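Chain nomenclature is as follows: A, B and C, assigned in order of appearance, with residue numbering initiated at 1 for each chain independently.
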Amino acid sequence: MSGAADVEYTGVRELRGPLVVVEGVSGVGWDEFATISVGPGERRHGLVLEVDRDLAVVQVLEDTAGMDRTRTRVAFSGAPLRVPVGTGWLGRVCDGRGEPADGGPPVLGDTDAAVGGAPINPVRREPPNEPVLTGVAAVDVLTTLVRGQKLPVFSAAGLPHLELAVQIAAQAACAGEPFAVVFAGMGLTHADAAFVRTALAGRSAARDLVLLVNTADDPVIERLLTPRIALTVAEHLAFAQGRHVLVVMTDMTAYAEALREVSAARGETPARRAYPGYLYSDLASLYERCGRIRGRPGSVTVLPVLTMPAGDITHPVPDLTGYITEGQIVLSAEAHAAGAYPPVDPLASLSRLMRRGAGAGRTRADHPDVAAQLIAALARSRQVRELADLIGRPALSPTDLRHLDLADVFRERFLAQGATENRSLDESLDRAWEVLLTLPRSQLGMLPARLLDARRPPSADGTDRAGTP
Amino acid sequence: MAAPADALEPVRAELLRAARAEAGAVLEGARADAEETLRVARATADRVLASARAAGAADGTAAAAGERIRAAEDAWTAELAARAAAYADLRAGVRSGVRRALAEDAPARDRLVAAARDLLGARARITDAPGGGVVAEVPGRRVDLSADALADRALERAGARAEHLWELP
Amino acid sequence: MTGPGAGLPGGEPGPAAVRHPGPRDAPARHGAAPRILRVCGPLVEMECPASVAMHDLVSLGAAGLPGEVVAVHGGTGTVQAYEYTGGLAPGQPAEPLGRPLSVALGPGLLGGVFDGLLRSLSGVGDLLLPGAGGVAPDGRTWRFAPRVAEGARVAAGDVLGEIGARVPLSLLVPPGRAGTVTAVAAPGEYRADAVLAEVAGCAVRMTQDWPVRRPRPAAGRLPADQPLHTGQRAVDLLFPVARGGTVAVPGGFGTGKTMLLQQIAKWCDADVIVYVGCGERGNEMADVIEELSELADPRTGGRLSERTVTIANTSNMPMMAREASVYTGATVAEYFRDMGLDVVVIADSTSRWAEALREFASRMGELPAEEGYPAGLASRLAAFYERAGPVRTLGGARGSVTVIGAVSPPGGDRTEPVTAHTERFVRCLWSLDRDLAYARHYPAVSWVDSFSRDASALAAAHALAGDPGWAGRRARVAGLLAEADRLADLVELVGVTALPPRERISVLAGRLLREAVVQQSALSPADAYSAPGKTTALVEAALQVIDRCLELVDGGTGADAVEAVDFTPLLRAREAAGPAGTAAVDRARDTVLDRLGRTA
């Protein structure tokens, strides 16, 4: 992680927030990695934000607390930060900067790679078209995660998004192909960090997990590095070693706060809610590292988790994330209050790549039709419920009443599952059928007759006379 | 940054050669130690795993699966600790190797001083570092060519080569 | 003549189809190159010799990263770097190249995929590394057939010959040149860099450079009165755009903005499409590239990709190339326009372009205006959309550039600066509605918030072309949709059964128009494209059915009975009819009219 760090600069001109300004430097490049000696035995790390003639502005990952102008020495590595990459990461637990937190030696590797990554040539991208199965019915059936996709979880404080992220990280698989999970935690409480470690112990012991955790009391600025290290490690496991890698990044709102803090310290012009104007591009520089590359076997799939402050989906972090990602899994406080886990809101959730990753040869032939019909039925169900709120249940038509009841069946029989229950796709789809078949056949117009006949012969549908489509 | 690195290269190469010769023996020792530690750790792990498997076979419950995972985890933790110990030994070995090499090679100090003056100029203030090597300073800049700093940098550059310490023979 | 010709003698090897602004083009060096003074992301300050002009290209550092001079202050020049500047340090060289950011325009553009500076992305490698954006030598050849003889007098814009590509192209006398044709190449196959003619002693190559920030000249502007048929009913029927018009497509995330633009790229009846993916998703870009190369062009029989130039600057590619990419796209479009072609530029998304402007302005320390955007945002947007228009070319032909720009309002807030300013400058607005999208109504073009200022001119064009009923149908559909919306609020409060019969039929009419006509499935091969005849047939069928329903309730039939009729054939007609069919639509209409007849 360090190169020819020979000359240390001692001319500290200014210390401000997370920034240190060093004078008298020469040959220092923008975005270089720096090692900062603070006092006997204490080393911190930083990135060059600006070089102007002989001045370098360095952003200190561990903050400037306790630094003074006389003892601080800064050495520059000669290049933007690189980390070792390779299978040495598998099974390891590290802090947000990639330093061991599991009692082991430093992570070593034959090769290293720049943490900033390099954009994948759009011409060389392979459009994603195979699923990652998570064992979570609501995700697998209604918002299928596709290899190479970026699909965020939108949540709010108090909802079990961490449980869901961990469940997906623990259960996800790609039909027996080599698989790995890189889990980047940012701003997690110690209790949450312990929960993550315990729940993913099986994956870790099987050496197909890399865990990077920046806790809430770890340095805030360090969070800017955590997802980048995670993605750099993941890219190598995927594109050099042929694994399908799922990168879980939580909580992106905590990440964005670190970005805002640095931006404020630099006195930059703020955009919405004081986040920097480059928040979109910065988030894109993380999310866009997912994908597949033509002629290479592996894939990087990204699952960012973010909490919407006050549940506001127009807040810049979820809003800009939504513009970049390929759909979203939205958790709803209402479903959570009704006691359902995972409390996924099926109508607000969407996987844009699902039409390519689901169906015959990918998941199951009836999957796309079943999913589309279930969404349509739930949408109708929601309309009916709003109507019922206004005009009362007795005024509803028989068909409307069936739709009204559908929501409960859906929640109890399909949506709800255990936090460690790994449900097979077949079972999830069969449960979706079970929910749908509570409706009369006339309400299932999106399902081909052939499929319907196989599930329930027309003659068996005796109650089918209610209402018009 | 390229030019200063070049100026130091011969010094570094020579130091490394001396250190490597010294470290060779240290490394062998470390490796033997590491192997022994790892052997014990792995044997323990195998035993725990075997009993967990037996337990699992007996009742096949989730608890047994949890037990298996815990056992694998414990074994892995033990192995990581052994690796960390081996790595620390290696670092200590390389440090003492470089210290010894510098102590035995009187002209080495002159070459370090010359290298430091190359980087910082003729007016650099040179002080001897405890444990060997020198530290040079001018206002605003400083170069650490102490034995320990040289050793640590050499080890960092060795990167994954240190990993053969715990590769299975 | 078989085999590739070398072109005219005397022409030294010219640039390949794609020019990389690298040190290769540097003028002879006099003394040491100027040095870099400051690096802050894409903003670089350098020592600036007096000879350096605004917007000149600069080659930065050992890797020769391209940059453009955007300000000169005393002896210091400010440079906007087009690639990642990690590792770039004060003291490294910054070499002025003595020319502005230019692109090479030639037949090799068609079917290609390029970055924001029009450097080919084919054959570059899996990852885009700074300084590695290279020149892919273009070994392809095109057939050239001269249309002038030596000794002919020609002026700028005149046709010198024809170039055979899937879209027939012309070799024109470049702007600013005129005189006698002193040489012209024989018919044959030539490479992109071949010299094909000489006018007044100046070589005219198949591929010509043009600076991207300077609009290419035309003889004059023409009125925008010819319809651009997009194949999307919601647009063609309600908010039509003229050839040479401008459209903004604002929509929050998830409203299907990119999907709609991709549909238009595939199916609109322009000659050439320039698709600028500006700060958008990589997977989506890969998808559109793949689909265009698989789909057949109904007009030429070739692949759709062969009439398309794709400029891909995904959101993680360098931000400043995003700034350049819209101008690059406009320049490419004008090049084809000058040959008398109709070109559509699709920019997805202009908001990301505006963000690049804001980012750089902020680093320059410019005084921020609304939401941190530079004060010049409105004029920059206006200038970009002004590059659209139907024109009389220098050669006297009619050509057009239509610009369709996506806008991504943060939080769906339409009052934010980019959306608000853009709405002022465009002729058409296709506003995408979140509620429609959530109800899976696609394309989610709102009939309440959208507009087309070309509609009356286009109504006249339709009337001239033999369809005098066009304006009437449009007004009727718009009126019925608005009436149904107004009643929908009432229905939520009192229930549909509380309405008078005619109002109940209005609610039904709204539903029939939405589901049978305005909705369109981008994923269905039968309905992704709707030919003008099919659109007309669907509208007329729906209107006839609605009129019949009104007659029935006026004649005393209960609204219940009318509502209970199975309208499914009409709703499925758009799917059953295929892309251009009308017979199936008429059959569906007759079936439904027949069923209605039996309720009387």
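Here is the rule we go by: a contact is a pair of C-beta atoms (placed from the backbone, for glycine too) under 8 Å apart; a residue touches a chain by one contact, two chains touch by 3 or more.
Keep in mind that what you see is a predicted model, and the values were worked out from it rather than measured.
Counting contacting C-beta pairs between every two chains, the top pair is A-C. With centres computed from Cα atoms alone, the innermost chain of the structure is A.
Centre-to-centre spacing of subunit B and subunit C amounts to 58 Å, using the average Cα coordinate of each chain. Subunit A and subunit B, compared by their mean Cα positions, are separated by 35 Å. Separating the centre of subunit A from that of subunit C, both taken as means of CA atoms, is a distance of 32 Å. Annotation for subunit A: residues touching 2 or more other chains are 27-28. Across the assembly, subunit C contributes no residue in contact with two or more other chains. Interface of subunit B with subunit A (complex): residues 1-2, 4-5, 8, 65, 69-70, 72-73, 76-77, 80-81, 83-84, 86-88, 119-120, 137, 139-144, 153, 156, 159-160, 162-163.
The touching residues of subunit A, when paired with subunit C in their complex, are 26-32, 49-54, 79-80, 114, 116, 118-128, 148-149, 239, 268-272, 277-278, 280-281, 284-285, 288-291, 293-294, 296, 314-316, 319-320, 322-324, 326-328, 347-348, 350, 353, 355, 375-376, 379, 386-387, 390-391, 395, 468-469. On the subunit A side of its complex with subunit B, the touching residues are 1-11, 23-24, 27-28, 73, 76, 78, 84, 86, 88, 91, 100, 102-106, 108-110, 112, 201-202, 204-206.
Subunit C contributes residues 37-41, 45, 84-91, 113, 121-122, 124-129, 252-254, 277, 279, 281-287, 289-290, 312, 314-317, 319, 352, 355, 358-359, 362, 368, 371-372, 408, 410-413, 438-440, 492-493, 495, 523, 563-564, 566, 568 to its touches with subunit A in the complex.
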